[in-house]
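Structures given as structure tokens follow.
Consider the two complexes below, in which subunit A is the common component and subunit B and subunit C are the respective partners.
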Partner chain A sequence: MEKIKEEIRQIAREALTGKKVDIILAWEKGPLWYDSYPAFFTKEEEVDSLTWDSFCINNLSKYLLEETMADKKVGVFVKGCDALAFNQMMQDNRIRRDNVVVYGLPCPGMIDPDKVRAKRLNRGLTEVKQSGDELIFVTKDGEITVPAHEVYYDKCLYCHYPNPVVYDQLIGEKVAAETALDRSERFSQVEALEALSAEERFAYWDSQFSKCMRCFACRNVCPACSCERCTFDDDDLDILGKAREDSEDQFFHLIRAYHVVGRCIDCGECSRVCPQDIPLEKLNRKLIKDINALYGEYQAGLDPSTKAPLVTYQLEDADSFTAGEKGGKGT
Partner chain B sequence: MQRVGVFICWCGTNISSTVNIDEVVAAVKNMPGVVYSKDYQYMCSEVGQNLVKDAIKEHNLTRVVVAACSPRMHESTFRKAAKAAGLNPYLLEIANIREHCSWVHKDKKAATQKAISLTKAAVAKAILNQPLIPGEVGVEQRALVIGGGIAGIQTALDIADAGYEVDLVEKTPSIGGKMAQLDKTFPTLDCSACILTPKMVDASMHDKINIYSYSEVEEVNGFVGNFEVVIKQKARSIDMEKCTGCGICLAKCPAKTALSEFEEGLSKRAAIYTPFPQAVPNVPVIDRETCTKFRTGKCGVCAKVCPTGAIDYEQKDERLNQKYGAIIVTTGYDLINLDSFGEYQYADHPDVITGLEFERLVNAAGPTAGKLVRPSDKKKPKKVVFIQCVGSRDKSERGKSYCSKICCMYTAKHAMLLRDKYPDCEAYVFYIDVRTAGKGFEEFQRRAVENYGVNYIKGMVGKIFPTGDKLKVNGVDALSGEVLEIDADMVVLASATQAKPGASDVGRMLSISTDRDNFFTEAHPKLRPVETHCAGIYLAGACQGPKDIPETVAQASAAAAKAIGILSKSKLVNNPCVSQVDESVCSGCLACTKMCPYEAITEKMVEQKVHGKIRRRRVAEVNAALCQGCGGCTVTCRPGAIDLKGFSNKQILAEVDAICQ
Partner chain C sequence: MKKIAKDQLALLWEKIDQNYQLFLPIAKEKAVNFSTWKEGAEVDLDALRTVNSPKNIIFPQTETYLTFKKEGKKLGLEVVSRDEEYVVFGVRPCDVASFKLLDNVFLGEPVDKFYEENRQKGLIISQACLNPEETCFCNAFAINPESAPVGADVATWDLGDLLLWEAQSEKGKAFTEALSDLLEDVSEDDRKKLDEVKAGIKDKLEDLPLVHVAPEKIEGGLKEIFASEVWDELYQRCLGCGMCTYVCPTCHCYDLKDYNGNGCGERFRCWDSCMFSDFTMMAHGNPRTTQKERVRQRFMHKLVYYPNNYESYACVGCGRCTERCPVRLDIVKVIKKLGGERNEL
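Moving on, here comes the complex of A and B:
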């Protein structure tokens, strides 16, 4: 990754000096070991602080929203999941493609700081180096080598698209697309919930949703949540009040899940950023699972020209409202 | 603060017998915004309407709620009353406490509670109603008739006689439809062709009627007054301008292998053919499936013999774009397939025929030149059994639950024609019931029994056994309980009628609904029998349900009158309850454009100034003339940027809140 970081910096410098783009959208290293946050670069000299390491989890596609509409030319670096997000935003007409240069970055996986802390690798940590399937944690007390999959995010272990599905220029070699965990297991937690009775299921989600403090981080990070004005911000509509109310929390989460149905790329960012650890990916995956069952396998963001299952009607579409057809349980 | 007046109708006892009106009136008084309430026996009467008008003026009402029957019945009545009293008609709201409440409930206490809830919801919605002003849209003064049977011909003639252009589109090479295949017509026994062909000629000669035969409607867009239609004219392989209809080509064509559709497969026709001698237009078509020239490239006899050089093997399908103010659907019916009725041997024995085949067998222009003989050995039959209700009134999978309506009468007709031709031939009719409701119908059927000596047997046939050159018909006389065995020479099956196989596709193309049997659904079974739920599209004939000729013709003229009602206007008033986009909120995802069934939503680019910066982005735009107000887009829109005037998200939520409180 070190080598690629230099390559990225070079590309960024050239793009800016050659006026190929007005802005470079990449990551910058912050003061803390796990901090690699999104940053805009407009001048060549700023590029020295640009970074690419195993903490560049943030999806940059969402930051394109404002810039491309303001008719600025943006160069953006995308990982596999960011590329799916890019395509989904393209499908939603939220990015003006002609204003973007997409640099694709094959992604080996990103480190979950919680897993690092659990292994107590963070003490005196100065740097993390990648070496094949292993990660070398450079600390004050020396170097510790661990298998990468032990500290990567769970979602990265399920990732089927580590290589960007869209780019103008690809940087570095493509990585193997084999997932560390069986991809169909994505739905095993959903199936466990489906097996519960309605009462048990309600109790489960009630306990989860009641933790919500409506910070809207899940919405703000979501590449499918890119509306000009979110319906939850419509004060006139009276669907969410200021006070904490269980029914409104439930309402918020169900509407959020339904608003991204058929468009959720399953990047898992919503549950990653949730400060209350609400397992939002289970809700999303339930809907992905149902869409797959009803309308055939569909991966949002794979190809922006594919018709979205929920806004297109075909005669042979399953009619889940008819008892006995697939989908409707009739209970 | 709005001042709401609520008017509660008893509808005689229709509402008041199940809903305690006094309790509703008492509850209404406490609803927020309500300043006046009144109940009356018949709110729709002139006295009732005056109650509304007077109260609006006296109590300065700014919103009105009428709790009464369905808005489909009297919404326009009360809107007019509100308008007369100086209130915008769209500030009035109907609470349906009859169809949605009193008619469907028995428990008076619960029904009263429900009526209160429904009224409360209407009050909550009415408070948020906004004055709406309908726009106007021009009318294309031209009608499209789809289907050239007797229904289509009659409709086209009536509209054309009123002075409007009509395009009559017929799928087959000639207009005429099923009626052209019939021999005689009940109850007068006049020759079908003799009464139909003059109308066909009238239609072809009429300067306001354009016949597009061998053509199909491929695409329909637009809305009442402004339908945009694509008509596919199938390649006839004949230049219609040059052809004189001399018929030499038909005689000389060597490929006489195809079964004649017009003769119900009882004879063969050439690959180049006109379906029947009186065809309109009298121009043949080449059936490219069976034509030797098209199959092998060799032949070309027709082109050689044609004196005018009208044969054109290179002809291609053509597409014609045309605009219409109104569309009349007259696509007719078919007979059901009898494959699953194995007990009657229809598929296996040539002497078991359908009623329509019988028509051809007795017709002077038919395959036997009117000589009624058995198809198998061309011998004169001595005993003929007619079986009614083959597939009709049959709730099983293979049948149709409805009565096909025409079979009782045509079977009586067939039996009479048979006895007329061969007085020594016996005729037996197996029936479940004989239904002869129609002017002169009962008398007609009685004549068959009393004057023609036709043997009517109440009962069904269990099975037919072909034995030697006879058909052994096993049945039961349900009145005597006697088991019957009749050695018949021929059996005629009154097979059920059904909607055309493509009816549901046509319905989808036109955005009109079909019932469970695929017949097109009328807007109201009693009061709007020829209208559909799609404004400007009308129905006539058997595509709407089984029908005989008199009924079909009456309905055709009715549909024509409805269409003329549209065409005679230069402008139509729009429904103001259409969607509108809040551009500041619209994110331009355009999900609404994909979901809109009327293609009323398009995209456009807008420039916005936000904090001094110009942002250029895509938003949706509604064409108010195309929008039908279905509201599909509003539920598709995630941020709620698209809203339906008169049924805004806020209004609907207010209703839900009112009911849930």
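Moving on, here comes the complex of A and C:
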């Protein structure tokens, strides 16, 4: 990744000096080992602080919403999941493609700081280096080598698209697309919930949603949540109050999940940012699983030229109103 | 000074629970938060910091003030108040310090009667931090994590098998007295061990990566900092969620709302966030129309406006925003960007 980082910096410098773009969206490193965050570069000399490491988890496509709409020419670096997000936003007509130069970055996987802390590898940690399938944790007392899959985010272990599906320029070599975990297992946790009775399932989600603080981080980080103004933010409509009230927490999460049906790329950002560890990915995957069952296998963000299942109609579509048909109470 | 063996703590919880609502750091799956203790609860005294700060107890996220009901042509109003006295056990020194910052706001004239009642009904038991983490920077605000913090009725230290216990306030002394059958006097050895552990903290603090944070090094007055160019860059990555304000122990902005049912309802106070687009919305619109202005407001409040009013920063260095912000726009980066960093210790 160190080599790629230099390459990225060079590309960014050239794009800025050659006026190919007005702004570069990439990442920068803060004072702590896990502290890589989105950064906006407009001057060549700023690019020295640009980073690319195993903590560049943030999806920069989301920022294109404002930046390209402001009629700026933007260069953006995308990982595999970020590229799916890019395509999904394209399909939703939320990005001006002509205004963007997409630099694709094959992604080896990103490290979950919580897993590092759980292994107590964070004490005195200064840096993490990648070496093939292993990670080297550099601490004040020496180096510890750990198999990468032990500390990567779960979502990375299921990731089938580490190589960007859209780009103008690809940087570095593509990585193997085999997933560390069986991809169909994504749905095993959903199946466990489906096996519960309706009362048990309600109790499960009731307990999960009761942890919600309604900080809206899940919504704001989501690339499918791209409305200019979210209906929940409209004070005049008074759809959602500000009280912490179980019914309102449930209402918010269900509406959010349903609004991204067929558009959720399963990047897992909502679960990652949730301070209360609400497993929102299970909710999203339930809906992905249903879409797959009702309309055939579908991966949102794979191809922006196709129509999403819920925005097209075909005569042979599942009909939940007819007994015996797929979907709804008919099954 | 008293002590209790840690394997006896369940008895202590039970005893306190008889007379008070008892809040403890309790794990629910991965998230540890202050919640009401029930038998069998998974108490986690090792978790350095809870996801939510304990401000939720003295200043709840949602708090009903009064209920109203239409009775013929009249409107019946009933003020709601907290009924039970409560104990919060395991409040870290940074969070204890945050209570004082909230007191400055709510107990100054005019006194907020609801908050005052919440404070009076509570008893605060602190737990010293003997293993500060990488995201901790309380020392930047002159907080000593190993100490018995001012504002705690009882201070405790976890020495592995033992919990040392020192009553500080009159309230804390009476409370300790009532628990005398479970607490015993400490020995000279225990005191010695505590002194050793405390002495070791200084080195640990100096080893922390955020030890150089120094807000007092920020130069310039209100107007210069407000007009600074750093805001043009800092705000860019902000997603506009309210997580930083909600997990923050010192953020205290709120909104008042009515829940209007059919002929009856409730008036409640609820946390608000300056990160939200409808924050301080008025009849003429919103005074802060861009995220830049909102981000600037949050940090100006913590580092300039609040200190101007109360001679203290509105941050205690707990590290919650440092750990949780989805895009790592935490107060450490803002302080440093404004020049609040020292080279030497």
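What to note about this one:
As a working rule, the second predicted complex is superposed on the first by the 328 of 331 C-alpha atoms of A that agree within 3 Å, B and C clash if a C-alpha of one lies under 4 Å from a C-alpha of the other, contacts with A are read in each partner's own complex, and residues count from 1 in each chain.
Quick note on the criterion: a residue touches a chain if its C-beta (ideal position, glycine included) is under 8 Å from a C-beta of that chain, and two chains touch if they have at least 3 such contacts.
Note that the structure is predicted; figures quoted are calculated from it, not measured.
With subunit A as the common reference, the superposed partners subunit B and subunit C fit together side by side.
Rounded to the nearest 10, the angle at the Cα centre of subunit A between subunit B and subunit C in the chain-A superposition is 120°. When the two complexes are overlaid on their common chain A, residue A:Lys20 makes contact with neither subunit B nor subunit C. In the overlay built on the shared chain, the residue A:Cys215 is in contact with subunit C alone; subunit B does not reach it. Once chain A of one complex is fitted onto chain A of the other, the partner contacts of A:Lys119 are absent, as it touches neither subunit B nor subunit C. In the superposed model, A:Lys43 makes contact with neither subunit B nor subunit C. In the superposed model, A:Asp92 lies in contact with subunit B only, and not with subunit C. When subunit B and subunit C are set side by side, the one touching more residues of subunit A is C. By the document's definition of touching, of the two partners only subunit C reaches A:Asp277; subunit B does not.
With both structures placed on the common chain, the touch criterion links A:Leu32 to subunit C but leaves subunit B unconnected. Using the contact criterion defined above for the overlaid structures, shared-chain residue A:Lys174 touches neither subunit B nor subunit C, since it reaches no partner. Closest CA pair between subunit B and subunit C after superposition: 7 Å apart. Comparing the two interfaces of subunit A, the one with subunit B and the one with subunit C have residues 229 in common.
Touching subunit A in their complex are the following residues of subunit B: 584-591, 594-595, 603, 613-618, 636, 638-641, 649-650, 653.
Put simply, subunit A touches subunit C in their complex at residues 30-33, 35-40, 58, 62-63, 114, 122, 124-125, 211, 213-217, 219-221, 229, 233, 235, 241-245, 269, 272-273, 275-277. Those residues of subunit A lying in contact with subunit B across their complex are 66, 69-71, 92-94, 96, 226-231, 234, 236-239, 259, 307-308, 311-313. Within the complex formed with subunit A, the residues of subunit C that make contact are 28-31, 33, 51-52, 61-62, 134-135, 207, 209-210, 233, 236-237, 239-243, 245-247, 255, 257, 259, 268, 270-273, 276-278, 281, 322, 324, 326-329, 332-333, 336.
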